[in-house]
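We call the chains A, B, C, D, E and F, going by the order they appear; numbering starts again at 1 in every chain.
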Amino acid sequence: MKTAAIVIGAAAFAATMIAALLDLPPSAIHLPRLVDANLPVSGVTHPVTAVLLNFRGYDTMLEIGVLLLALLIVLAVGTHDGADAAPTADPMLQTFARLAASLMALVAVYLLWAGARQPGGAFQAGAVLAAAAVLLHLAGVLPAWREPGALLRSGLAAGFLVFLFVAMALLSQGTLLQYPHAAAGSLILLIEFALTISLGLILAGLFLFLSGGQGSDS
Amino acid sequence: MDALIIVALVLPLLLALLVLWPPSRPLAEGLAPLAPLPALLLALAAKNGLALDLPWLLLGSRFMLDETGRLFLGFTAMVWLFSGWYARGYLADDPRRHVFWSFYLATAAGNLGLCLAGDAASFYLLFALMTFAAYGLVIHSGSAEACRAGRVYLVMAVLGESALMVGMLLVVHAASSHYLSDFAAVTPSAAAITLLLLGFGIKVGIPLLHMWLPLAHPVAPVPASAVLSGVMLKAGLLGWLRFLPLGGAALPEAGTLLLSAGLLAIFLGVAAGLCQREPKVLLAYSSISQMGFMTLGVGAGLQEPQLWPVLLPAVGLYALHHALAKSALFLGVGVIQASQARRLVLAGMALPAMALSGAPLTSGLSAKIALKNGLAGLPAPWAGLLPALLPLAALGTALLMARLLFLLARLPPHGGSGLVAPWWMLVALGVLLPWMQPSAAAGIAVWANAGWPILLAAVITALVAHRGMAAPALPPGDILLGLERGLQYLHRLMQR
Amino acid sequence: MTISLAFDLLLAAALLWSAWRALVNQDTFRSVILFIVFGLLLTLAWARLAAPDIALAEAAIGAGLTGALLLDAIGALRGKDRQP
Amino acid sequence: MTLNEFLPLAVLASSLLPGLIIFALPENRVGVRTTLNLLAALAKLALVGILLFGVQAGEEFGFAYAVLPGLDLTFKADALGLLFITLSAVLWLFTTFYAIGYLEKAPHRSRFFGFFSLCVTATMGIAMAGNMFTFFVFYELLTLVTFPLVVHRGTAQAMRGGMIYLAYTLVGGALLLGGIVWLHSLLGHTGFTHGGVLATLDSSTHWQLQAIFLLLISGVGVKAALVPLHGWLPQAMVAPAPVSALLHAVAVVKAGAFGIVRIVYGIYGIEFAQSLDLLTPLAVAAAITIVWGSFRALFQDDLKKRLAYSTISQVSYITLGISLFGPIGTIGGLVHLVHQGVMKITLFFCAGNYAETLGMHKVSEMAGVGKRMPWTTVAFSLAAFGMIGIPPLAGFISKWYLGLGALEARMPWVLAVLAASSLLNAAYFLPILYRAWFMPQAAAWPEEHILMQGNRETARLLLWPPLATAALTLALGLFAASSLSPLEWVKLIADREYLTWTP
Amino acid sequence: MSSGLIFAITGVVLFAMGSAGMLLVAHLLRRILAFNLMGSGAFLILVGLAQRGGTPDPVPQAMVLTGIVVAVAATALALALLRKLHTLNGRTELPRVEDD
Amino acid sequence: MIDPLIWLILLPLAWATLAFLLGPGRGARTAIAGLSLQLWLAFDLAMKIGAGGPALHAVGGWGAPLGIDLAADGLSAVMLLLAQSVALPLALYARAYFAPDKTETRYFWPLIGFLLAGLNALFLSADLFNLYVTLELVGLAAVGLVAAGGGAAQVAAALRYLFAALLGSSMYLLGVALIYGAYGTVSLVTLEPLLTADAPRIVWMAGGLMLAGLLLKTALFPFHYWLPPAHASAPAPVSALLSALVVKASFYLILRLWLGPFAPLVGALAWLPMLLGAGAIFWGSWQAIRTPHLKMLVAWSTVAQLGYLFLIFPLLATTGALQAGVMQAVAHGLAKAAMFMAAGVLIKATGQDMVAGLAGVAQRLPLTLFSFGLAGVTLMGLPPSAGFLAKWLLIEAALAQGYWFIALVALAGGLLAAGYVFRVLRQAFLLAPVAYAIAAVPRTLEWTAFALATASVLLGLRGVELMALLAAGSAP
C-alpha cells in the first residue's frame, strides 16, 4: 500500500516535472557571460576554478568546513568494529602500490597546478591523493588510522585554516574574501595547495579512520 | 439625657461581657440585675421627642423616645429589673449562672434598646440581638426538652428574621429613608406588609406561627420565662407599631387577616391552655391568647385608620397590663415551688390572674375596656361579632386562670431559693400601675359589667374540681408535632 | 537523430538502468558494484555535458572513493553480521 | 519617575522583592524570614495608606509601560483598585502572622512564603491593573503562584485538588484571553475608564460585544466560582489553612469577582452593559450560584469544604450587586468584596485553628469545642453570624444594600434569593455553633497537637489573627456609616461609575 | 534536444527513483545508495538545465563540485553511523518508530 | 573596523577549528570565550540594524548575481541574537555537564562551533545555494552531536535524523537547481523582482520542493517522526541546542523564502502549513502527555510548539503575525533550551528518565524545578512570558482577520501544554520519599538553566525592543 503510493507518487512527480522542464523558457540572467567578463580579474583563467575559489569562494570555504565536520563526526562516533584484519602483505602488490601511489601523487600535483587554467584543481587533486592513500592501505603498506595526533590534526585542518586565515586577513580591507588584484592568483594557489593536502587527508581519513577504528587493536 | 440613652444601651451589653471574664465576674453578677435601671430612668424621666443621632453607627443610627417607646421601655425595663432581681436568688446555686447572666443581659440589651431604636437598621439589630441571645436562655437547662425547644425557637427566629429583613428593606425602599418616623407616611407593598406581619407575628405568636412559644417559654429558667413571655412578645407588637402604616392608609385585607388571627389566637390559646398539666406551659398558651387581644387592636387599626388614635393607647395599656401580670405569674411559679408559705403566694398569684381575666378593679379590666372602646368603631361583621365574642374570651381566660391556680396548688415543692420580694413588687405594680394611666380611670365605671365571666368561671372550675374531671391532655407545641413528622419524612426521602 | 543524441540517450538509459538495479538488488555487494558502474557512467555523462571538472571529481570521489567506502562497509557489515 | 508613578510600583515591589529574597533563604533562617515577611507586610500597609490619602485628595497614581508596540502594562491606583488593595494588604498582614504560627515546624517554608508573597503581588497587580491586558497578566500569574501553595502538602489528595484547580483556572484563563484579545482587536486598547469604553462603538459590533462579555465573564467566572464553573473550589481546600484563607478571602476568588467588577464598570460601563441586556443574565447566574452554593454547603461534614461552598455562595453576592443596575446595588456588591473577605478569612483561620490545635476537620467532631477553644469559637461565631447577615456584623451591611439595590433595580426576586440564602446560611452555620457551644464534648479530640497552656487555648500567633479579623467583622458592620469605613469609600466609587443614571 | 535537457530529464528520473528509494528501502546501506542517486539526479538537473541551451555554465558546475564533496561527506558519515549501529546491535535497519 | 556580520560566521569557525587542533575533549574555554564575543557581536549587529536598517555585504566584492551576498535585516538579527544567547549559557552548562574524559565529549566543542557557524551563516545568507551549504553544515553538525552519545539508541536516532536531513536538503537542492534553471541566478535579491505570479510551472515545483524539504527539516507534523527520538536520546545540552535553535533554522528559511522571492506564489498555499501546524500542536501535545519518559516529553513538546510557528502563515498580511512567529521562535528557543537543561539536571540527579520517577524532587532540586516551571510557563503561553506575548500577537492577528479558528487552536494548544508541563510538576511536588539516590549536581547546571528560563519569562515583560528590531530591519 505504502510502497505503491510512493512509487506512483514518485512517477507522477517525475512525469510532471519532465513536462514542466520541457516548456521552460530561457532564463533571464546569463551568468556565464558575467563570469567571462570578470575572469581576467579573478586571478585564474579557468572559469570553474574562478567560480569555485573566487566568485563563490565563500561557498567553497563552508564546504570544506562541511567536509572537516564530517570527518570530525566520524572521529566522534568511532567505529570500534575493527572489521578487517590487516590485508595480506603481498610484496609484489606492495611494490606495485607504492609505484602507483607515487604516480598518483604526481598526477595530483599536476592537477593542482593545471587547475588555474584548465579542468582540475584542489578537489580533484585531493581526491587522487586520497585514492593513493586508500590504495596503499589496501595493499597493506599504510595501516589504518586511529586517533589522530596533533600533526595529523593540523594536516586535516590546514586547508580550512588557511582558507579561514586568508579570509580574516583580507577582512582588513573591509570585504570578506576580496582578493587584491595583484595577489589574487597567488592567494588562490596558496589556498588550493593547502586544500589539496587537507582534502587528500580528509578523504583518506574518511576511509582510513573508518576502516581501522580507534578501538581495534589491529 | 443623650448620655443616658447610651448608658441604657451599653450598660447591659458591657455587663454581659464582663460577666464572662472571671476577674470581673463577681462584680458584674452583682450589678447585673441593675442593668435595666438606666432604661427605666429614661422612661420615667426623659422628655418625649428625645432623639440621639449617631451617624457613624451602623447605617447611621438614631435613638429616640416617643410616647409609645416610653411606655414600652418603661414596662420592659421594669420587668427586666424585677426578673433580674429574682434571678439573683433563683440562680444562686447554678454553677453556670454566668452563662445565664450573659445571655440574659444581652437579651435585655436588645429588648430595651429596640424600644429606643429610631431607625430600621438599629431596630433590626436590637431585635435580632434579643432574639438570638434569648436562645441561650431557652436552652439554659441543657435538657433534651430544652434543646428541642431551642431548635424550634431558632428555626422560627431565623425564619422571622429573614422575613423581617426583606420586609424592612421593602419599607425602607418605599420610604427612601430608614428612619422609623418616616414610615407612617408611606404605604408599603402587600408583600412588605405580609412579611412584616409574619416576621413580627412569629414573635407575637399569632396562630400557626405560635408553636415555638409553648415549647420555649416553659423550659427556660423561671426569670427567663418571665421576660420571654412578659415583655419579649411585646417587642413583636412594637415592631408592628413601628413599621406598619398604622393611622395612615387603610389596609382592609391585612386588617381582616390580623383581626381573624387575633380572634383565633384568643380562643385557641385558651383551649390549648386548658389542656395543659404544666403551669408554665399553660401560661405560655395564655400569652398566645392574650397577645390575640393586642393583635385585634392592631388589626382594627389597619382596617380603620381613623380608629388608631383611640386604639394605640388601648393596645399600649394592654401591653403594659399583660407584661406586668404575665411576668408576675411566671415568677410566681418559681416562687411557689420554693416557698414555705404556699397559700400566701397562691393568694398573691390570684391577683395577676384576676387581672388577666379582666376582673373588676384590675388593670385587666381597664385595658379590656379601652380596647373594646377602640374596637367598637369597626364596621360589620366585626361590629356584631366582637361584642359577642369578647365576653366569651374573658370567660375563657378566667377559666384558664382558675385552672392555673388549681395546678399551682398541686405543684410539688421544688426547693431552691426564689427571692420573694421582686415577685411581690411585680404583683403590686401590676395591681397599681394601670391606675395611674388617665385613660384607664375612665373605664372603671363599667367594671360591674365585667364581673360575670369571672364568677361563671369560678363556678365551672368548682364543678369540674368537684367531679374530679380531667382536662384532655395536649402536648405543648400542638401543630408542631405534625410539622416535625412531615419534615422527618421529607428528610428521609431526601437521604434516599 | 544524430549520433551524439543517440549516445546521450543510450547513456541516459544505462544510467537509469544501473541506478535502478543498484536500488532494487537484494544483494548489497552487487548493489554497490552497480553503483560504482553508475558512477563511471555518470562520469561519462559529465563529460558529455562539457564539465570535465565534475567528471574528474565524480570519477575520483563519486565512483572511486564512495565505492571504496561502500565496499569497505560491506566488508565490515558482513564480517560481523550476526543475522545473516 | 515621579512619586505618583513610583508608588504603585513600590506597592508591587513591597511583596515581590521579599518574596524573591525568601526563595533564596535557606530553610533554617527562620528569624530573617519572619522579619522580612512582617516588614514587607507593614511596609505595604504604609504605602497603601499613603495611596489612600492621596486618592482621597484627588491625586492620580499610576504608570504605563510598553511590553509590545501598542500594548502596555498599565498600573493605576484608583478608588476601586484601592478598595481591593487595602483589603489585600490588611488581610495579608494578618495572614502572614497566622501563617508564621501555622507553619512553625512545617517543611519548605521558604518555598511557601516565597509563593505566598508572590500571590499577594499578583493580587496587587490585579487590583492596580489599568487595562484588561495587565489584568490578565496578573490574573494568570496568580494561578501559577497559587498552584504550589495549593499542593503544598504534597499528598496525592493535594495533587488531585491542585490539578483540578489548574484545569479549571487555565481553561478559564484561555477563555478570558480569547475575550480580551477579541476586545483588543475591536477597540485597539483595553483600558479601564469610568463609565466604560465601549459605548462609542458602532452598534453593528454589539453582538460581538455580547459574545466577548460571555467569554470574559466565563473566564473570570471560574475564579469567582460562578456555578457551574465552581468545581475547583471545594477541591482546592486541601491547601493549608492560611492558603485557603488567602484563596477564599483575598486572592483567587476575589480576583475573579474583582474582574467582573472591572469588566462591567471599566470596560462595558454599567449603563452600556444594561443597554446590552447583559446585567440580568449575570444577576441570574449569580443568584443561582448563591442558592446552589449554600445548598451544597448544607451537606458537607468537612468543615473546610462547608466553608468552601459557603464561599461560592458568598462571593456571588459581589457579582449580584454589580449586576443590579443602580448605585445602591453597586455599593452592596463592592462593599461585600471587603466584608466577605474579612469574614471568610476569619472562618478559615478558625478552621485552621481547630485542625492545627485539635486535629479537628469535621463538623461532626466539633461538639464541645467552644469550651476548649472559646476565643477561636467566638471569632468563628462572629464571622458566621456575619455571613448569615445578622446585624451589626459586616454581612448585614452588604445584604442591606444588596436588598435595597435589588429594589432600586426593580428586581424584587433578588430579595427572595437573599432571604433564601440567609436561611441556608443559618442552616449550615448555626448547627456548627450549636455543636461548638452547647453540646458536651463527645469523645477525645481527634489529635491534640497543641495543649492548653494556662488560659491559652492555642498558639498565640494562631489566635490573634482570627480575633483581630473577627473584631474587624464587627467593626465593619457597627461603624459602617463612619467616614473611615469601606462603605463610605465604596459610595465614592459608585458615584463615579454612573454617568447619566438617575433613579 | 540538447544533451543538457536529456541529462536533466535523466536527473529527474534519478531523483524520483532515489527519493522513493530513501522512503522504501529498509537496508540502510542501500538507502545510502538511494541518497547518492538523489544527489546525482539533482546535480544533473542543475547542470543540465543550466546548459539546456548548449553553452557550458561554470557556475552550476562549481556548485556541483561543492555538492559532490558534501555528498561524499554525508555518505561517509552515514556509513560511519551504520557501522557503529551494526557494531552495537548487529542491525542494518532502523527500528520501527513506535510512537506513530 | 569590525563588521559583526562577518565575524559572526568566521569566529565560530575559527574556534571550532582551534578546538579540533587542541585535541579531543579540549576547547571548552576557547568556545566559551568565542561565544561571549559572538554574543557581543550579535548585540552590536542588532544595534546597527536597529539604527541603520538592513545591511548587505557582497562577499568578494562581486555582488549578486555573480557573487554571494550576505544580508542582515531585523529578522536575521533577532535569530542571531537568539542563537548566541542560547548558545553561551548552553556552553557553560555543557562544560559542567560532561565529564571531561567521556567519549561523547571528545569532539563536542568543535561540533558546537561548526553548528553555530552554520546557523549564523544561514541566518545571514542571501543566496539559495549558499543556504544549501549552510543547511548541510547545520544538519550534519546536529546529527554528529546526536550520534556522539555513542549508544545504540543515539546512533539509530542520529541515522534517522541524518536521513531525514539529507532527504530534506536534497529536495531543497533540487529546488535550487530548478530555480537556477529557470532564472539563471540563486541570489535572493536578484530573484525577488524576477519571480512573479505567472512564473513557469517549474518554479512552482521548485517552491514546493524547497518548502517540503524545509518542512521535513523543521519536523513539522507529519514530518516530525525523526525529531522525538533524536532530541530525546541526545545528551541534554545537545537536545537543548537542537530543539532551541536547529529546527528554527529551517523555519527561518521557510519564512525568509515565503516572505521574500516566493511571496507572489504562496497565497492559496498558506492554509497548508497552518493546518499542519494545528495538527502538530494537537498530536505533539497529546504524545507529550502520554509518554512516560521525561526527555521524550520535552521533545514531543517541541513538535507541538513548532506547530505554532506555522499558524502564522495565513495571517502574514498583518505585521502582527510575523511578530507572533518570531516571538514564538524566540520564546520557544529560550524556554525549550532551559527545559532540556533542567530535564538534564533531573535525569543526572535521579539517574533515570521516567516522569514517574520524579516524585519528591521538588524538595531536593527546587531551583531546577523552578526553572522547569518557568520554562513551562513560556511554553504554555501564560503571562508574563515571551510565549504569552507570542500567543497574544497570534490570536490578535487571527481575530483581526476573522480567523477565529486559529485563535482557538492557539488557546487549546496552551491548555494542552499545561497538560504535560504540570504532569511533571505534579509528580515533582509529591511529598513522596525520593525513590532514587539524588546525586550531587554542579551548581552551574542549575543556574544556567535558571538563567535561560528567567530570560524567557522576562522577555514577556519587554518585547518592545525586539519587535522594534524586527520592524526596523525589514524596512526597505
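FYI, a contact is a pair of C-beta atoms (placed from the backbone, for glycine too) under 8 Å apart; a residue touches a chain by one contact, two chains touch by 3 or more.
The model shown is predicted, which means the values in this text are computed figures rather than measured ones.
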{"item": "Chain labels contacting subunit B and also subunit F", "value": "D"}
{"item": "Other chains in touch with both subunit A and subunit D", "value": "F"}
{"item": "Interface with more contacting C-beta pairs, comparing B-D to A-C", "value": "B-D"}
{"item": "Most widely separated chain from subunit A, with each centre as the mean of CA atoms", "value": "B"}
{"item": "Chain nearest the overall Cα centroid", "value": "D"}
{"item": "Farthest chain relative to subunit F (centres taken as mean CA coordinates)", "value": "B"}
{"item": "Whole-Å separation of chain centres (CA-atom averages), subunit A against subunit E", "value": "17"}
{"item": "Centre distance in Å when subunit B and subunit E are each reduced to the mean of their C-alpha atoms", "value": "107"}
{"item": "Interchain centroid distance [CA atoms averaged], subunit D/subunit F, Å", "value": "42"}
{"item": "Subunit C and subunit F: spacing of chain centres that average the CA atoms, whole Å", "value": "37"}
{"item": "Residues of subunit F whose C-beta touches two or more other chains", "value": "129, 133, 136, 140, 143-144, 147, 150, 155, 180-181, 184"}
{"item": "Subunit E: positions in contact with at least two other chains", "value": "8-9, 13, 15, 17-19, 23, 43, 49-50, 52, 56, 59, 61-63, 65-66, 68-70, 72-74, 76-77, 79, 81-84, 86-87"}
{"item": "For subunit A, residues that touch 2 or more chains besides their own", "value": "17, 21, 24, 27, 31, 35, 48, 55-56, 59, 63, 66, 69-70, 73, 77-79, 81, 83, 123, 203, 206-207, 210"}
{"item": "Each pair of chains that touches, named by its two labels", "value": "A-C, A-E, A-F, B-D, C-E, D-F, E-F"}
{"item": "Of subunit E, residues touching subunit C in the complex", "value": "1, 3-4, 6-7, 9-10, 13-14, 17-18, 21, 25, 27, 29-30, 32-34, 36-37, 40, 43-44, 47-48, 51, 56, 61-62, 64-65, 68-69, 71-72, 75-76, 79, 82-83, 86-87, 90-92"}
{"item": "Subunit F-touching residues of subunit D, taken from the complex the two chains share", "value": "23, 66-69, 71, 73, 107-108, 111, 133, 136-138, 140-141, 143-144, 147-148, 151, 153-156, 159, 162-163, 166, 170-171, 173-175, 177-178, 181-182, 184-185"}
{"item": "Complex contacts: residues of subunit F adjacent to subunit A", "value": "1, 3, 6, 10, 13-14, 17, 20-21, 23-24, 57-62, 65-68, 70, 103, 106-108, 110-111, 114, 117-118, 121, 129-130, 133-134, 136-137, 140-141, 143-144, 147-148, 150, 155, 180-185, 190, 194, 200-202, 205"}
{"item": "Subunit E residues within the subunit F interface of the complex", "value": "8, 15, 18-19, 22-23, 28, 31, 35, 38-39, 41-43, 45-46, 49-50, 52, 59-60, 63, 66-67, 70, 73-74, 77-78, 81-82, 84-85, 88-89, 94-95, 97, 99-100"}
{"item": "List of subunit D residues in touch with subunit B within their complex", "value": "385, 388-392, 396-397, 399-400, 403-404, 407-408, 412, 415-416, 418-419, 422-423, 426-427, 430, 438, 477-483"}
